[in-house]
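When the chains are written out, they are named A, B, C, D and E in that same order, and each has its own residue count from 1.
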Amino acid sequence: MGKPSILSAFKAVKFLFQKPVTLRYPFEQKEPAPRYRGFHLNDWDKCTGCGNCADICPNEAITMVEAPEVEPKPGEKNERPQLDYGRCCFCGLCVDICPPGSLRLSRDYFHIHFDTNTFVFLPKDEAKDEETFLPPEEYSILQASLTHRRKDYEGFSSHPDFTLFEPERVPMPQVSPEERRLSFVEQVLGYSREEARREAARCLECKLCEDACPAHLKISDYIRAIYEDRPDEALRKIFEDNPIPAICGRICMRHCETACSLSIRGEPLAIRWLKRYTSDSIVDYREALELQPAPTTGKTVAVVGAGPSGLSVAHFLALKGHKAVVYDALPGGGGMMRIGPPAYRLPVESIDKDVAYTASLGVEFRFNTKVGTDVLFEDLLNDYDAVYLGIGTTSSRSTRVKNAEKCHLALDFLQRNKIGRPVEVGKHIIVIGGGNVAMDVAREALRLQHIQRPGQETKTMTVSLEDWDEMPATEDEIEEAKEEGVEFNPAWGPKEVVLDDSGEVKGLACKKVKSVFDEAGRFSPSFYEDQVMLLEGDMIIEAIGQGPDFSFIPDAMMENVEFTERRKVKVDEDGRTTLPKVFAGGDIVNVNLDAVTAIADAKVAAEGIDRLLSSES
Amino acid sequence: MVTRIIHIVLSPLIALVVAVFLLGLSRIVIARIHRRYGPPIYQPIIDIIRLMNQQSISHGTLFELGVVLALAGSIVTVLFIPLGGTNAPPGSYPLAHGLLCPLSSSGGLLVVIYLMLFGPVSIALGAGASENPNASIGVSRKMLLALAYEVPFLLVILAIMSHYGTISIAEIVSRQQDSAWGVFSVPLSAVAAFLILPAMLGIRPFDLVGAPQEIASGPLAEYGGRYLALLTIQNGIQVFVVIALFVNLFLGGGVNVITFLLKVFAVFLAAELVSAVLPRVRIENALRFCWTWPTGLALAQMIITVVSR
Amino acid sequence: MDRNQLAKWLKSPVEMANKYSLHAVYFCTGCGIIEIPPVITARWDAERFGIKAVATPRQGNLFMITGYVSLKTLKAIIRTYEQMPDPKYTVAFGSCPINGGMYWDSYNTIKHLDKYIPIDGWIAGCMPRPEAVFIGVTHLWTLIDKGKADGYIRYSKNYASYRRNQEMLFGDLGWPPLYPSESPAEEARA
Amino acid sequence: MIPGSQPTDTDSERELELYFGPQHLGMVGNFSITLKVRGDRIVEATANPGYLHRGFEKLMEYRTWMQNFPLVCRVNVVEPDSMEMIYAMGVEKLAGLEVPERAQYIRSIYLELARVGSHLFGLWAYSNMLGFDTPAQWAMYHRDLVLDLFEELTGGRVYHIYLWPGGVRRDFPEGFKDRIVETLHSIGGCVPDYDSTFFNNRLFHQRAHGIAKISQERAKALGATGQVLRATGMRYDIRKVEPYAAYDQVDWEVPTREEGDAYSRIWVIRDEMIESVHMIFKLLDAMPGGEVYNRVPNPFKWEIPPGETYVRCESSRGELGLYMVSDGGDKPYRVHFRTPSYPHGLTILEELLKGASIADVGNTMISLYIVAPEIDR
Amino acid sequence: MISSLKSSLESTFKDVAVGEPEAGRLSVLAPKDSLPVVLRYLKENGLDHLALLSCVDWPERGKFEVVYVLSCYMPSNTDYASEQRLHVFVKAEIPREHPALQSVIDVFENAEPYEREIHELFGVHFAGHPRLIPLFLEREYEIPPFRKDFDTRQYVAETFDPIPPVDE
């Protein structure tokens, strides 16, 4: 503290002769900082309409409005955020929560108007050149306003390290590749309670998954229940739409996870594993669910096939009080699930858990009963009030190349390994196909090689028409197969099965694929006939797809069954086929060919059957 | 006679133009010390045009009368103050002309002293009618401040009158032009007068009458529209009158209007610089200050003058 | 900026003077006040355009409402607005006066300021930057040019309606109506 | 002026009731004081807050833990940053969150920058109050330079919304350290100008010396903190008493004065500003690398276990506290801010104004460094 | 200091419950009548800074919980001691119906505005307070606005939304 003086103050007079520090706005301008939080920008191509921005907004400044020009599709709603600058506080929480990172704040910051209605604004990135960027006259000298925004004038935008959502999922404990190729133990160990809650906590509840799920499960509800540590409540939510959680929790094709908004810039929420956690953590479904079937109506329905769609339709019908009788040729429930997915993915015990619960509701199962041979389809039609066909695709397709009859068929191979005596495998196995079944086959074959031929030099390869980027198998499957040691030969097509002198399989001659699909997108492979290679192997398994087997339906009736263009059974909105009182669902109806779509079909058909039956009475 | 009429018209006109110019200049000078550009110099004109056209809310006849009286008083004061020129015979100064002071012969300093009090009293009258508590506080401050600077001011005037032995400003000016300026002949008075100059001008550090931050511009609190425009003009003329008086008494007036006005600007600038670097004082400090240093100096000068005579 | 165009001055001196002599009554209603000192001080220097702050509403013609308005403040705002002489312009800052902003669910702040007094310009932002304030002023200039800055005319014309809204909120306001009910607007309504 | 005057005929001498504020150039913030005046002396002063009451603590009960983060800074517009700090501290304590070390340093630097900005604003307010525009204008200009730094770091000029639970919202941009140093040097270069024109100005000394004097005992009894207390000689500073962020990592001093009047308070503010700048330089040198944010749980599912806490930090005006109760839900159950201006602006102001001159109302109020929105919340 | 304070509190007052929910913090639950005495005792024992006086509404329990947050100013001016980090929460529970409490202004003078605020926002009456007049609010509310059963969103919808826009 110096001595107060009156003269020292006059030092300030020096500023009279200095240049002022004033920024002569608007003649001189200062750019806002690169991080400036101004008005919003939204890249409509990236935006999924998930609505997280509207949920996080502390001021309810964001409303989701319908955007008619956007086509809704799985993982994208036709809604876009609309901002009210009479509410917005420019905090940028919406930017930090935005899963696709489409919402950003620009460095434009002024909008002045005498009309409050102009402060409501639908941000959309528009590439505008400087000429059209200039504002209308009433904005006088300066450049921007709400209607005229520069896309390249981005300010505060999302940063992966500072997102409000957690982009990484809780890792699922798994058996290591070295260990798992030695046995058929279940590869995935399942979440513990803590892990499941942690994973469930990642969910943003935007419900994109629910729209994407064919069966429209109430995913965010059951995930919230898991988060709140109420697995029984979660199970109840699941059972509203899906009666086979133990099966689905393991092998579902996860349309939801593809749609998950977290998947855009991170890993999707492990919805399937959480479902699996729910079903595994409940010992007794009956106690947890407390579902009471409606009083019996006396109506009976025959269900052909105990696969996912058959089980589901029986479940839903039982709840409505109808008596369902399920016929299946296999010794147990699950249908294709029982034989298809290898035991390391879907153990038989899990299937039986779901089936047992369905049976406990009063559904009668007649296993080892093949319709068409053990019981006639016509009899079913006569004996029951309605018939549901959930027969699935049970016959493997063959490549029909030369000597193809020497090959094994995928389904037989899988079925024997799972519920019969395992196949004896060769040293060098070639699997034809690039789908999930091919992966299952290859990985099973690999395991069998390790089990049956320990210490020997063995090899499993796949050959697929499709190249890496078009391979129909899921990435996880491919990745896991690679980890276990399966070799891939993508973009090669089988030419012929080469036999040695003794007529044993010697290898597969392949030709290079030019393209898989024709210009119209139809499956029509073409090859470079001159590029050929020979894969050596002593065992070839064909896994190129399956087809339905309608042989049990009498030909006369078969004539009345209508099919769609894609060779699927045609059903109406009630799931009813063109045959009277015959309903259908599952792989013979839909093109997704997976369990959850089958469940969705079953739910529709159950409603249809119920409507039919109640209208009769 | 014609010259006299021209002078009567011309001299308030000059005062008006210069006053408005001074107001503009003051804003620019202050702005520069603030390290900014400030408004254009003609900004006060814009303000006055705007205010003239604004709705004016009156609080009674007295309220309006105060404005008119204050303005009239200021304009009349101008008539008594020489605005440059000389009474010396033509030829002794180049460019010189007759003294520009319409009423130079009557009253002189004594009238000016009275008339200078007229403004504050009129405003006090008008502001009192507005019944705004801030205005009444402002008025009481204004009276106290007038009291504060009147004491040294009167002493200064007395010293000068006794030094030059006249009450005619014109006489004093021409005496200075003949011999030394007042700053040299009555230096202590000049210092004292400069010290109370901000108080007389009503600028910082003695702007406590209209302190916007304390009493919401005090007496002017209820004045708006054209009353405020007139009061702005009055304030400008008052500023001009005070500085002109200072120039006349201590800086030898001006041999012509131009030199006179240049001196006015110089003094004004000096006063503005003081105003820019000092904070506002409290009224009791103002009283104490005015009654110590300036009063002491003025008293000393008077004693010296009287003794030396 | 057309301040230096003498022709315009000769053509419409009143509008021009209104434009370039905006004396602001700023009401520190809320956060927006924090950007007013920068605007009127050295960095941005609004005085370049003749904008300066005045101490009493009687002397001003620009009313800046700088942010959210609580009930207690609204009363003072209405009072201040009515004390200002015509022509007067109002500019509201930030989100809050437009639609409640941050305090959209607060029991003590009003949500739409234009229900109680007329507003000539709204400046978006929370808070508006000093630049935005300047642009708000240019907006006001444009409005004055076009004769659209007519908030004070609307206020007298629809006074009954404004007064009704004010009384809906406060019950008795505590001072008599600015425009007595026999005003032409009221007659036209009746 | 909004209200008129009402002469009360309690005494033979005329007693005026005078309203100071809310629309008043000398009033920083929307606040009003009702004064009973006899002559120039104040007989009784009643602080009349509430013009800025928004019911913050109620609103916070309706918003989730994350949604409250942009809300809290609005409590105090002059220095929103310590509001962010106190909220982050409260949430971190209740939820048991860890903050990376680099984030702690950034927090300290950020808060000290805010303190400099806030003190410059205080300087503006004080000298503007005295009608002393010159240093006021400079201070506001220099504050704007600090705001430019904030804009670059956080994207906002005034509301930075930067310091959130778990760390800070973004790391320093490239070259930001240099720009902090550069800006602070350019402001520091003007300290002699401020000293000669303002702090050591004889008239300012005359104006502020001995005004609004409070003894240490009274200050303690009335709950004073911050400069008000430090100007009476007590080195009470939460940054030392209960260090948070990175304040215990570097050496620094708590400036104090003995007199307890307005003049010593403004000097404490000045010294504090300089100390803060030095502290920023030290913190910048010592700042480690690494992460600046530990991700908090998903904001839609963030629940904090039941509990209550009182955390405090030193804002630029004194002890800023936060009492927060969680009932285990996703929203705070009860929040109560202890803002430094609350005792300063209500209890102490009323006491100090008694017997003062009208000319010193604004002087007293601003020397106590009162920020009205903080009182009203 | 904490343990000695705790034991001395327990021995001096029979009816208070003292807990230490976390390091450096004591929680004292006192019956509402002995509150001023407890506070005075604490003040005399070094806790001379009433940082905050708050109130929490617990409608399920039918109680208001009034909380006095105490800490220490510096006893000496030489160094910073760990005592200063001590916080004491003194709490009293009062029923939600006709809530009333003894004012503590004579112990801590700065409690005055806090008590006024709590009176206004929660409707708690403080006996002996010289001026329990409104502090913040312009209008009266049927339910004091900080009580849990006052729904501000509903209030806004009922109060502000019906006001029509001005018809032009």
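Keep this in mind: a residue touches a chain if its C-beta (ideal position, glycine included) is under 8 Å from a C-beta of that chain, and two chains touch if they have at least 3 such contacts.
Just so it is clear, the structure is predicted and the values come from calculations on it, not from any experiment.
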{"item": "Required steps from chain A to chain D (each step between touching chains, minimum)", "value": "1"}
{"item": "Third chains touching both chain D and chain C", "value": "A, B, E"}
{"item": "Centre-most chain, if every chain is reduced to its averaged C-alpha atoms", "value": "D"}
{"item": "Furthest chain, CA centroid comparison against chain A", "value": "B"}
{"item": "Rounded Å distance between chain B and chain D, as computed from the means of their C-alpha atoms", "value": "44"}
{"item": "Distance between chain centroids, defined by C-alpha means - chain C, chain E (Å)", "value": "41"}
{"item": "Between chain A and chain B, centroid-to-centroid distance (C-alpha), Å", "value": "88"}
{"item": "Whole-Å gap between the CA centroids of chain A and chain C", "value": "56"}
{"item": "Per-residue multi-chain contacts in chain B, two or more chains", "value": "31, 33-37, 212-213, 216, 221, 276-278"}
{"item": "Sites on chain C at which at least two other chains make contact", "value": "41-45, 48, 53, 55-56, 70, 72, 102, 104-108, 112, 114, 126, 129"}
{"item": "Sites on chain A at which at least two other chains make contact", "value": "6, 9, 12, 20-22, 24, 32, 58, 89-90"}
{"item": "Set of all touching chain pairs, with the criterion as stated earlier", "value": "A-B, A-C, A-D, B-C, B-D, C-D, C-E, D-E"}
{"item": "Contact set on chain E toward chain C in their complex", "value": "136-139, 141, 145, 150, 152-153, 155-156, 159-168"}
{"item": "Touching residues (chain side chain A, partner chain D) in the complex", "value": "1-6, 8-9, 11-12, 21, 32-37, 55-58, 89-93, 96-97, 105, 155-156, 159, 161-166, 200-205, 224, 227"}
{"item": "Residue ranges of chain D in contact with chain E within the complex", "value": "49-50, 53, 55, 57-59, 62, 220-223, 229, 233-236, 240-242, 307-308, 310, 312, 319, 321, 323, 325, 333-334, 336, 338, 342-343, 346-347, 376"}
{"item": "Partner chain A, residues of chain B touching it in the complex", "value": "29, 31-37, 273, 276-278"}
{"item": "Touch list for chain D against partner chain C, complex", "value": "1-2, 22-25, 27-30, 50-55, 58-59, 62, 70-71, 74, 77-78, 121, 124, 128, 136-138, 140-141, 143-144, 147, 157-159, 372-373, 376"}
